[in-house]
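In the part that follows, the structures are each spelled out as structure tokens.
Presented sequentially are two complexes of chain A, the first with chain B as partner and the second with chain C.
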Partner chain A sequence: MAAQRQASSASQTPHLSPAELSYLYTSLSLPGTPIRPDGRSPTQFRPLAAETDILPGTNGSARVGFADGTQAIVGVKAEVERTALGIQALSTAEQQDYAAAGNDDRGGGNNGGSKQGSVSGSGQGSWVQMAIEIPGFRDDDALPVFLAEMMREPLVESVSGGGEGGMVGGLKGRLVINRRWHWRLYIDVLLLSQPLSYPLPLLSLTTHLALLATKLPKLKSKGEEDPFFDDDWNAAEYLYPRVKSTKHSSIPGSISVHKVRPPVTLLVVSVAENIIFDPSREEIAVADAVLAISVTYDTDFDRLKLLSIRTIDPPSRLTQPGVPNSENVATLGSTTAAEESVIVNPSTGEEEVPGVWRPRRGGVKRATIAKMIKMVLEKGGVGEEVLDGLEGVEVG
Partner chain B sequence: MPLDTSTTYPLTKLRLDGRRWNELRLIHAQISTNPASSGSSYLAMGNTTILCSVHGPAEGRRGDATGGAAGSSGAVVEVDVNIAGFAGIDRKRRAGGSDKQSGRVASTLRSAFQSHLHTYLYPHSTISVHVSVLSADGSLLAAAVNACTLALVDAGIPMPGLLCGCTAGMSGSASTPRDPLNDYLDPLLDVSLPEEQELPFLTVATTTSVPTGADEDEDDMKVAMLTMDSKVHHTYIETMLAVGVDGCKQIREILDGVIKGSSQR
Partner chain C sequence: MTDRRRINGPPGGTRPPIFASSLESTSDIVAERPQRQRQPNELRKIFLKTGLIPSASGSSYLEFEPSTSLSAARSKPKSVIPPSSSLKLACTVHGPKPLPRSATFSPNLVLTTHVKYAPFAGRRRKGHVRDASERDLGVHLETALRGAIVAERWPKSGLDITITILEAEDDRWWGDAPDSHDAAWGMMNVLAGCITAASAAISDARIDCLDLVAGGVAAVVADETAGRETTSQLMLDTDPADHRSILSACVVAYMPARDEITELWLKGDNSKSSVGTDNRGLGHEALIDGAVDAARGAHSVLAEAVRESAQRFAGLPSGDFT
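== the complex of A and B ==
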């Protein structure tokens, strides 16, 4: 376990020789048709099994298991908490009520809320807390903290429109009960096995499902009263409101039961010109760039919306370089060639010898990033495929 | 908030969840739940739910303070207990990654299994056990012992017999000496969380003795682990222990069925 603790931020680098790394890189960078070690197509995900509502003691829970045996369980618990309002916040809240003019979306995200005037709608991102438990890691180790923040950020910052089945002010707005009370959401993520690959996609999909299954008790009190809830759990309302699909038969293309859905974070790597989704550990080890892309479904435009992109430190930077035969003393390569190339250090030299591994030094072309984003966001693209697949999981 | 069992129980002779004094909660168990580990199990005792996975026996990590020398005679058992934040009624988050309860459960499990398993067969190696508590509703240690036993069986680690844990309580504070003529307190088998918070209870784990000869009784049980955190007058201990050991016997049959059932598949 101690060995895993010194893992780089991307994942535990598998112990691969420069020759193996070079072989992997070459097969993954074949123009047009990369050959992946497990035979998947570039956009294909690993098969997974999912179930929701497995823990009766939580507001919502889900379990996802990949075929390689990595499993994650997410439990969501909600607590009512008194909103601590500073004088400044109080005055801005009142301003918002009167002016009904929103601040920028980042700060408030409550344009719709104050227009409707029912609740003073600005929530705070700190009301959503996320904790990740990975065996062999402490809670305050870099990997769990970084992962939690990477998933929490798009979750609280995603803002969606109102309307029927909509969520005014996004998740933050939904947590507001009234001006003095709010819900606090605790999202606890348990990774049940050692992380075989970078666990971000698994944890993100599990959290998505758990949030879809999350229910909050029905509010009986009105307005600014102290909150009082219906004790009938069957009357509880979903955190992410649902609409009956039959009601929406008039609107084409909205078969989905959830109009607003939590974001998902996808892990994408680039190898040379190729874009590869849901990479395994070996694939991350040779990647040029590793990106975590968070997307959500935009109800206003009926398409996917990009929420955030984060680059993740690729472990290929830390690998050992290979030594070309021409420079290797052990192979007794032609001495003349060795003398010629002695000026060029193999690890820093610009020339790329085919079949010899050179650690990636980071950096990615703008065109590649644009291609990655396009592949995620486009109609019928990977993002839509993932969200549709998750829709297939029966919730509740 | 625990309801007052001690006042209602003498009247109804039924416990809070409707059980009689000698009834176990429903036990549901599975083994080989996680293909990524050497052995794994899922165990639900009533509303207490535990997942357990075993890695090893594998080469111990280097540079460990106890490494080399400690493992030279036999395998070292490492136990890591993680009580999920959502396990209880209120969500609890402890600072720094461990709290008192999970630490105690882990050290009790470690010492119980270190002496129980045939560790001498695997010198210089480590058996690491990871216990995740998904939902805690009393008898946590007993359920963890049972889950670990199942996972270790699944991992194929040799042991003399199944180690089965169970709790036994007393229906009342039991702080005065027991009166044999007017004995109104009943022992309770397999206490749940409200009972555990209010009544004295002990956790006992038993195993079968190693079969050495034909003259020995098959049902001969040995107490392998016994812990008690609450106060009780010593005259009640014997009754509680007898009930607990009897509960272990019932649990052994259930676990036996789970193991045999999964090997037939």
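== the complex of A and C ==
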């Protein structure tokens, strides 16, 4: 079983017969209008219920439940930590101190200011730690590790500009307190139910909401002093700063909006020519290719930006093949209409008989990948719809 | 997970002291930063040999050409610390072999990938227990290979692929502060090497595949040269030690005969580089295409190594072909 457990997709190994798989594949691959088992449109998401600030002991938390009964809780905790400096930073700091000591009476204060500016934009990705707990998996199994890396990556990768409500250097930059101190962020993700479908969309949405709800205590000390915080929790500042809504029409003006938002990771599958979002367990079981695409919205950029893409091993490669009548001993002599098989690739003996399931082989074409990314990123596309929907959730 | 069964050494080495009197100028340390000597679309040479481990059913050894600064430092060492590193890894394939009796029935080949850094592979010591990044690499490698293997040819059997990384790529130049560009960029080069080596080892084990999968890396880098403003550029087969800042990178596993990608891993935010110039040549599609071009280059080396392996298997003298 250990070998089975290793695979990131093995948890998804569907218990569907070849005939069921073939039926699903055929209805999902209908040109233009795929028929999904639950009647959704290709870009429609499952309905969900969300709430935030449910754990009083954390800096921010959220709970999301999908209609199929899967639920996840995310808690974010922050901790102040000393920053380790690299050799270059140390040497430049020494030079600057030396220069400041040399002309103490002239530009000492000025020098300090510029030094402050040069370091404030940089942070380290290792300051964000993510742990995922999924029932039935050990914390060092492949699936939780893979999911945690997949969700942490876009979070620390994102960079953004300054300005009002902006975050210089993205989340990493926001965690810098001063040159010697920084925040360390622990994001703990807990899947409450069994992983009925691939849990990535659920966990990603929950993490997004928890980060929006995260507050850090207000800093009272200035500059390079040891950090000292306001003990009034009401004065705490949001990790992702907010600005009053100005022109956003879909959201009422009383709710403040974010200039920079945490990324969301969307699960996209392709079945033949069709692209399907938020696949359920049955749909992912017959997918040709599965991609996890992380996007975020940046007001400076004024459209969605891509942060990371990862392929996920589609579980359809692990399914059992169906046996066509021509090869079946029981039906060999029967006079039923001969099935027409189409040889897809003569060198590998890959042949497709309509209505007989074959596990998927090979990879995904570049054109398909480009199409999937385009559908997520385009204006008015699925990515924008999801982020707008999440913005509507009342936080705090 | 911490390793509590062994007494582990310290994770990092100590840097030898450099005395101010021995330096000719204060800019001495900065001048040692390695520079990319290759063209943007020029790949490093790859050494790939199969069948070096006789006890395994298939094996391969892969090595990247050391950068110019590294080979210069090896012949005339100026410092105890090498300026950059080059990838070296060994891959073994065991199987196809019957699954253990306790395992559940599987109609397909059960593929197990195991990627491990040797403790001495990087500048920071790795433990004996696999950490998160090594497990992550294992999953990526498995995704890349599973697309190429015809799994239903081998029911009820298992295939173990073990990769030992003897020398890893650096994530950044060693002298940089860890915050300069701190993502694990070296891991992507390691993955590309793992894919190419594993593909050669699978062929060496005579397991038929749809095609030879080759790995390739491309990245958008922003190099600030003295005096001029930062320019972003697409580079193939980047060595992270050569660059001051990598904005985004992409690794693919590519099957040239079918023109298909079995594994795609792209990360990084290059919106800043493309927003100012409005240059579509630095977008994600250019990045993926660049990585595919790099994989095509690796594929030619891979094909040659597999041919050598086949000639050895057929008992023909190897090395005569040109």
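Here is the rule we use: the second predicted complex is superposed on the first by the 326 of 396 C-alpha atoms of A that agree within 3 Å, B and C clash if a C-alpha of one lies under 4 Å from a C-alpha of the other, contacts with A are read in each partner's own complex, and residues count from 1 in each chain.
Convention: a contact is a pair of C-beta atoms (placed from the backbone, for glycine too) under 8 Å apart; a residue touches a chain by one contact, two chains touch by 3 or more.
Predicted model, so just to flag it, every value in this text is computed and none were measured.
By the touch criterion stated above, A:Ala148 is placed in contact with chain C alone, chain B being left untouched. Taking chain A as the reference, the larger set of touched residues comes from C, when chain B and chain C are compared. In the superposition on chain A, A:Pro315 makes contact with neither chain B nor chain C. In the superposition on chain A, A:Asp188 makes contact with chain B only, not with chain C. When both complexes are overlaid on chain A, the residue A:Asp139 reaches chain B and chain C alike. When the two complexes are overlaid on their common chain A, residue A:Gly69 makes contact with chain B while staying clear of chain C. Once chain A of one complex is fitted onto chain A of the other, the partner contacts of A:Glu79 are limited to chain B, with no touch recorded for chain C. In the superposed model, A:Gly170 lies in contact with chain C only, and not with chain B. In the overlay built on the shared chain, the residue A:Thr58 is in contact with chain B alone; chain C does not reach it.
By the document's definition of touching, neither partner reaches A:Pro199: not chain B, not chain C. Comparing the two complexes, residues 1, 3, 139-140 of chain A contact chain B in one case and chain C in the other.
Interface of chain C with chain A (complex): residues 1, 15, 26, 29, 99, 102-104, 106-108, 110-113, 130, 132-133, 135-136, 138-140, 142-143, 146-148, 150-152, 158, 175-180, 182-183, 208, 210, 248, 253-255, 258-269, 271-272, 275, 284-285, 288-289, 292. Residues 34-37, 47, 49, 51, 53, 55, 61, 63-64, 80, 82, 84-91, 93, 96-97, 128, 130, 132, 134-135 of chain B are the ones touching chain A in the complex. Contacts from chain A toward chain C in the complex involve residues 1, 3-4, 6-8, 84-89, 91, 95, 122-126, 139-140, 142, 145-146, 148-149, 153-154, 156-159, 170, 172, 291, 298, 300-301, 305-313, 317-321, 345, 348, 359, 361-366, 369-370, 373. Per the touch definition, chain A reaches chain B in the complex via residues 1-3, 55-58, 61, 65, 68-71, 73, 75-77, 79, 131, 133, 135, 138-140, 186, 188, 190, 192-194, 196.
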